[in-house]
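When the chains are written out, they are named A, B, C and D in that same order, and each has its own residue count from 1.
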Amino acid sequence: MTGKDAIIDRYQDLIQTYIKGKSETALYKGQQFSRKLIEQQISPEDVISLHIQVMHELFPDMEEDMRDSFDFLLEVMIGYGFAYREHQSLRDKQQQLESEIEVAASMQQTLLMSDVPEVDGLDIGVISVPAKKMNGDYFNFVKDGNKLSVAVADIIGKGIPAALCMSMIKYAMDSLPQQQQMPHLLLENLNHVVEQNVHPNMFITMLHGLYDSDKHTFSYAGAGHEPGFIYRAADDRFDDMIAKGIVLGVSRTATYQPYEKVIEIGDMVILLSDGVTECRTSKGFIERDEIVSLIRKHMNLPAQEMVQCVFHELEKLQEFELRDDFTLIVLKRVV
Amino acid sequence: MDIQSCVEVRNEWDIVSARQLGRNMAKELGFGNVDQARITTAISELARNIYLYAGNGKICIQPIDQLGKKGLKIVALDNGPGIRDIRRVMEDGYTTSGGLGAGLPGVKRLMDEFSIESTVDVGTEINATKWLR
Amino acid sequence: MTGKDAIIDRYQDLIQTYIKGKSETALYKGQQFSRKLIEQQISPEDVISLHIQVMHELFPDMEEDMRDSFDFLLEVMIGYGFAYREHQSLRDKQQQLESEIEVAASMQQTLLMSDVPEVDGLDIGVISVPAKKMNGDYFNFVKDGNKLSVAVADIIGKGIPAALCMSMIKYAMDSLPQQQQMPHLLLENLNHVVEQNVHPNMFITMLHGLYDSDKHTFSYAGAGHEPGFIYRAADDRFDDMIAKGIVLGVSRTATYQPYEKVIEIGDMVILLSDGVTECRTSKGFIERDEIVSLIRKHMNLPAQEMVQCVFHELEKLQEFELRDDFTLIVLKRVV
Amino acid sequence: MDIQSCVEVRNEWDIVSARQLGRNMAKELGFGNVDQARITTAISELARNIYLYAGNGKICIQPIDQLGKKGLKIVALDNGPGIRDIRRVMEDGYTTSGGLGAGLPGVKRLMDEFSIESTVDVGTEINATKWLR
């Protein structure tokens, strides 16, 4: 008995059982049978053909008009067969694309994301989660003696093009080591690179800062990037960390303003991307206030746990569908 | 409005009881033939997930009436291992059902409202509502 | 009358017409109807339900068993409905991914591919076609006075990961301008970069050469790259252009051997990627001999037309499905 | 073995004639109900392409017997504008048929052998064969 005959017999059995008892069990078996047919890549028009064969078997005296109407149904289903086979081909293609993107994302992860350094007196927490597989946010730490350089960037745009663009930023930053000590000059130089090398409709926002762990100062500059926060332990207050400056890649002659803050014990420097503050829930966009309360809620945890808790709460608020890449960095001065 | 009927899911036969419960309620509420069958299949998928991954749990079916808007709500509850990565489970093609297109994303696409909460080692609750048109 | 009623009426009309005349025209209309249903995103189980309703209408005395069997068919089709809706969702996702990849590919095209320079006495032709949207082959020309530096590279692997990797090679080469004059030293330096920065299972083959348009010499070095050809007009002969050397990224201490050839009037330097020589047809892989005959067939054309004709013939031999990225460069000394 | 029947395609009614020709031949050769309908739909797609994009051309249907292996071959010929980018036309979702899954890739998937030749401003020839199993 061939596989095809076995399927016909099985279908005939199932349909007879259903006709006899009309039980839910028979329908459940019908559903399982359907699952098996799909697993065997049997097209919907084949199912109709199967049904027709079994009908002829069970109702040999079926009137001719009825037979003809089945043939017509078969004809209509052929179009669904085309769609069904396209589905299989798309699934294969999709799986291949996804596995490609997964490889690229892991390359991105290992090559472009920097490790979190150990710095005396600082507790550092970092989380960066892409909305899709590839991350269009970028962060970078470089430790040089008692100085920690930290960058957060956001490529306008998501997915694969943003990832390509981000790899450029990484190589550009690597080739500007001396400027790491001066955030506003680093941005000025990067602006040149972006302006010359990047697609005209790709822009990058960035905040670059330098934490001096001797003097406990944080000097920084920003290029159109979402403002971070500074938490002042003495006042138990979160201040916006404003840094004026134009987005990278727009104007050839842009310059950036240097800022500096003194960081006391218990203070925190909080850097983020707009994926944190512009997270959209079913009730609309979240306010910066709400982010502050979330941070406050978890701020007694170690910095790494803190950023993870904030992310998990925001992830849930968004029903597990991130609309933008999410990056949150906390530098907490502990001693 | 809050009459809820539940079926414990411990073995495969309980899947059939959950289906029967859902189909009866869908019919009573006035859903058409096709929607009855679809809702039943969705329940079947949720019950099967409980049976396969959690061992046991329950399926509750509840008629809904919100300011005259009528519908049917399915609640699937279990105290199983929970889902570690919900974003991943909600992706198409994650289940190994060989192109079935069902699994949780299939159920979500079918229903009008869908939510999932899961805690690792605690369990999972899925709520899904279909409105009567 | 609602849209649904209109569909039912139309289906009833069509089926009655078919039952009456059993004409091919009626079946053709059935196919068109099916196309319209699919355009309106009507699920296959809805089609069955539609058929059932019309059957009840047309055959009011249908026996009960028959009615029940229709209900069972509907149940079986529900599974196909799930697959059908997944298809729609996959199509949307696929379209989004494709448009992302298209943006990335155009970025790649404008940013990474260099223009073909004008060089006295040389006729230059270049074609580089990705197997998929993103190119994992790379070529680069840099003209410096009377010297033309030319590179062809192939990232082992295709698609998105290869494209990410390729953008790194580009920025690495840009930061090594002085080595452009010495192919074997350039490869040595690039090897360091690749070894340190690239995913351990990504490798790159490259041929780098320097054409001196005063002395008419071509000096070159290779890193595991598919050998090119030199055409000797005096002998009307194609010689393999062998360049020994290990693939980039494998060994930290790799060094590369310098080669040099004198190029006479009418001679050609032909550089390529293995996508040219390993093109697979229904009759198996093509031989290097066959590539040579193809080049010979078109070699009296201007260099750019020549590479395009060779590509079109090979594309057709492969039934328009490239299995690897394809890059072919010809430098023809004309005076 | 080389009896070939052709239908000129100039208007929509010719599509029906091409279908009829194909269905008759498929039936004669012993293809089952479903395959008859599929082959007819493939012919319909090819004829429709000629009608829509080339204005006119022809569809030829030919029984094949290669060392006892029997089949049916469809040849679609036109002197239309030709296809500029064949790789693109053979991609899924290129046609604007709104998710139909037909178009040339759909025809290719359905048939066992498929080849296409096209020259811009000269025309297009498509060959597609289905073997009898």
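The criterion applied here is as follows: contacts are C-beta pairs under 8 Å (C-beta built on N, C-alpha and C of every residue); 3 or more make two chains touch, one makes a residue touch a chain.
Each chain and its UniProt protein: A, C = PP2C family protein-serine/threonine phosphatase; B, D = Anti-sigma regulatory factor.
Keep in mind it's a predicted model, so treat the numbers as computed, not measured.
Common neighbours of chain B (Anti-sigma regulatory factor) and chain D (Anti-sigma regulatory factor) under the contact rule above are A, C. Computed from the mean C-alpha positions, the centre of chain B (Anti-sigma regulatory factor) lies at a distance of 43 Å from the centre of chain C.
Averaged C-alpha coordinates give centres for chain A and chain B (Anti-sigma regulatory factor) that are 27 Å from one another. Residue positions 27, 31, 35, 38, 71, 75, 78-79, 83-84, 86-87, 90-91, 93-94 of chain C are each in touch with at least two other chains. Residues of chain B (Anti-sigma regulatory factor) in contact with two or more other chains: 37, 41, 93, 99-102. If touching chains are joined by edges, the resulting network of the protein chains shown has some other shape, matching none of path, cycle, star or complete graph.
Pairwise chain contacts in this structure: A-B, A-C, A-D, B-C, C-D.
Those residues of chain B (Anti-sigma regulatory factor) that touch chain A in the shared complex are 15-17, 19-20, 23, 37, 40-41, 44, 86-87, 90, 93, 97-102, 115-116.
By the touch criterion given at the top, residues 14-15, 18-19, 22, 26-27, 30-31, 33-35, 37-38, 44, 47-48, 51, 54-55, 58-59, 62-63, 65-66, 68-69, 71-73, 75-80, 83-84, 86-87, 90-91, 93-94, 97, 100-101, 103-104, 106-108, 110-111, 157, 159-161, 163-165, 167-168, 171-172, 175, 197-199, 202 of chain A touch chain C in their complex. Within the complex, the chain A residues that touch chain D (Anti-sigma regulatory factor) are 45-46, 49, 52, 71, 74-75, 78-79, 81-87, 89-90, 93. Considering their complex, residues 32-34, 37-38, 41, 92-93, 99-102, 105-106, 109-110 of chain B (Anti-sigma regulatory factor) touch chain C. Residues 24-25, 27-28, 31, 35, 38-39, 41, 87-88, 91, 94-95, 98, 315-316, 319-322 of chain C are the ones that touch chain D (Anti-sigma regulatory factor) when the two sit in their complex.
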